[in-house]
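Each structure below appears as structure tokens.
Next come two complexes, and both contain subunit A; in the first it sits with subunit B, in the second with subunit C.
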Partner chain A sequence: MSENVGIVIVSHSADVARGTAQMVEQMVGREVPLGWCGGDPGGGLGTSVEAIMAAIERAWSEKGVAILVDLGGAETNSEMAIEMLPESRRDRIVVCNAPVVEGAVMAATEAASGATLEAVRRTAEELTPV
Partner chain B sequence: MNKLRASVLMRHEVGLHARPSVKLTKLAKAFQSRIDLGLSPDGPWIDAKSIVKVMATKAPKDSTIYFRAEGGDAKAALDALVTLVDEDFPDGP
Partner chain C sequence: MMIDREARKLLFETVARRVIESAEELTDLDRAIGDGDHGANMRRGFEAVLASVDELSAKNLGESLKGVGTTLVMKVGGASGPLYGTLFMSLGKSLADDVTQEQIAEAFAAAIEAVKARGKSDVGQKTMLDVLFPVLGVLRESGAGLPLRLKATAREAAERTVPMRAIRGRASFLGDRSIGHMDPGARSSELIVDAVADVMEGFA
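Entry: the complex of A and B
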């Protein structure tokens, strides 16, 4: 079990999600549990609740998981995915209001220090203009 | 408690951009002390443990980075940070 908060990246594009995950791994390292998903099964753009649930499972940490999303459906589907998870996990997952690429790198940098889920979310959201 | 101070010339080709910022912040977070970073000996100071603020400094190549630290491991923190910058942000373990 990791001592660090996990990071999940949800994009409409598999390429964006994969590329963002690569940036996190290469810039921050592998000490942060990481899950990502993007695109629909046919290879087009989209997001799916099932894929997001699987990504949360891969990134799961007892300290919680911070999700970074791109647009519209990525956020609503992430919220649906959270609702479908066991109640014991729901309150340890947050969707960050932050740009997906920058937010993922910032959140992972914070998470790598062993920070709490709330601190990870705050760091990602520092990027967002009020 | 007195603040310890240190400074180091940064020669990294692109300056304090994404990857160097992440490395510096991660290292700073490994210490308990409060650590500030500035681009002049008089500040303004930012929290060296804040990735968002460190990256936002956008310090260019050949900037001198100033640190000040306060806490039980302040000396070790400054030594480690100066070494990181001086050695041009080598890849960690």
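Entry: the complex of A and C
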């Protein structure tokens, strides 16, 4: 079990999610638990609650998980996925209001330093224009 | 009224078929102001409901509605999965097999609140809520001809989304250009209400 906050990347496109995960791994290394998913349950562009739940499971850390999403449905489906998880985990998962690629890299950088979930979220959200 | 296993099965089948039949129309509406996936997403979700309709309707009304909701959440894909999933799951929380119209209205009101929270949206923003909310108004009225009033209200409410400007969802990216198109979520909600009303009337 990693001691760092985990990062989950949720995109409508599996290619975007995979590519973002590769960038995170290359820039931050493998010390941050990482999960990603993209595509709807039929394999088209979209997101899947089931796949998001599985990605959270892969990236799970006792310190929590920060999720980065791209467009609307990815956020709604991520929130739904969180609600369907056991209560003991729900309050240790956040959806960051940040651009998916830059947010994932920044969040993972922060997480790699051993930061708390809240600090990871803040760092990712600093990228969001107010 | 008593909503037994047969009635539940007929209800779910009728709603699912209506949505599946209209998938192309929903996709066309969504192509105009969204990302063009609403029809395909809803078809996938309701095909999954159809595929397990016997199993779903074998449970009591509350559990079977929750089952339909969970199926939609898992299979639809777009934002409409969690939104319709939440609607059905919330309805399932309080309804027993033997229900009064008042109880249905109460459950529907709670379900609308749950959908609002899930979508961080409200009435008047060119969404499914613009159909569901007027339908709640009809459910709260007593009197004869409920199915016909439900159908007419749902249709008019969906039409009223045409001149609205989208504030939530992908259509909001278009701003004023979302004006002049019916909201796809409003239309799919109308289809579902219409199908339920048909079952109530014995037309399905």
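Here, the second predicted complex is superposed on the first by the 128 of 130 C-alpha atoms of A that agree within 3 Å, B and C clash if a C-alpha of one lies under 4 Å from a C-alpha of the other, contacts with A are read in each partner's own complex, and residues count from 1 in each chain.
To be clear about the criterion, a residue touches a chain if its C-beta (ideal position, glycine included) is under 8 Å from a C-beta of that chain, and two chains touch if they have at least 3 such contacts.
If you're wondering where the values come from, they're calculated on a predicted model, not measured in any experiment.
Superimposing the complexes on subunit A yields a three-chain arrangement in which subunit B and subunit C fit side by side. In the superposed model, A:Gly42 makes contact with subunit C only, not with subunit B. By the touch criterion stated above, A:Leu71 is placed in contact with subunit C alone, subunit B being left untouched.
Contacts of A:Val28 after superposition: subunit B is touched, whereas subunit C is not reached.
Applying the stated contact rule after C-alpha superposition, one finds that A:Asn4 touches neither subunit B nor subunit C. Of the two partner chains placed around the shared chain by superposition, subunit C is the only one that A:Glu50 touches, whereas subunit B remains out of contact.
Contacts of A:Thr109 after superposition: subunit B is touched, whereas subunit C is not reached.
Contacts of A:Thr123 after superposition: subunit B is touched, whereas subunit C is not reached. With chain A as the common frame, subunit A serves as the apex of an angle whose CA-centre rays point to subunit B and subunit C; its value is 150 degrees, to a multiple of 10.
Looking at the superposed arrangement, the partner reaching more residues of subunit A, out of subunit B and subunit C, is C. Taking every C-alpha of subunit B against every C-alpha of subunit C after the fit on chain A, the minimum distance is 27 Å.
In the three-chain superposition model, subunit A touches subunit B and subunit C at no common residue. Remark: subunit A residues 40-42, 44-50, 71-73, 76-77, 79-80, 84 touch subunit C in the complex.
Residues of subunit B that touch subunit A in their complex: 18-19, 22, 25-26, 29-30, 49-52, 55, 92.
Across the complex, subunit A meets subunit B through its residues 27-29, 105-106, 109-110, 112-113, 123, 126-127.
Residues 35, 37, 40-41, 44, 73-83, 85-86, 118-119, 169-170 of subunit C are the ones touching subunit A in the complex.
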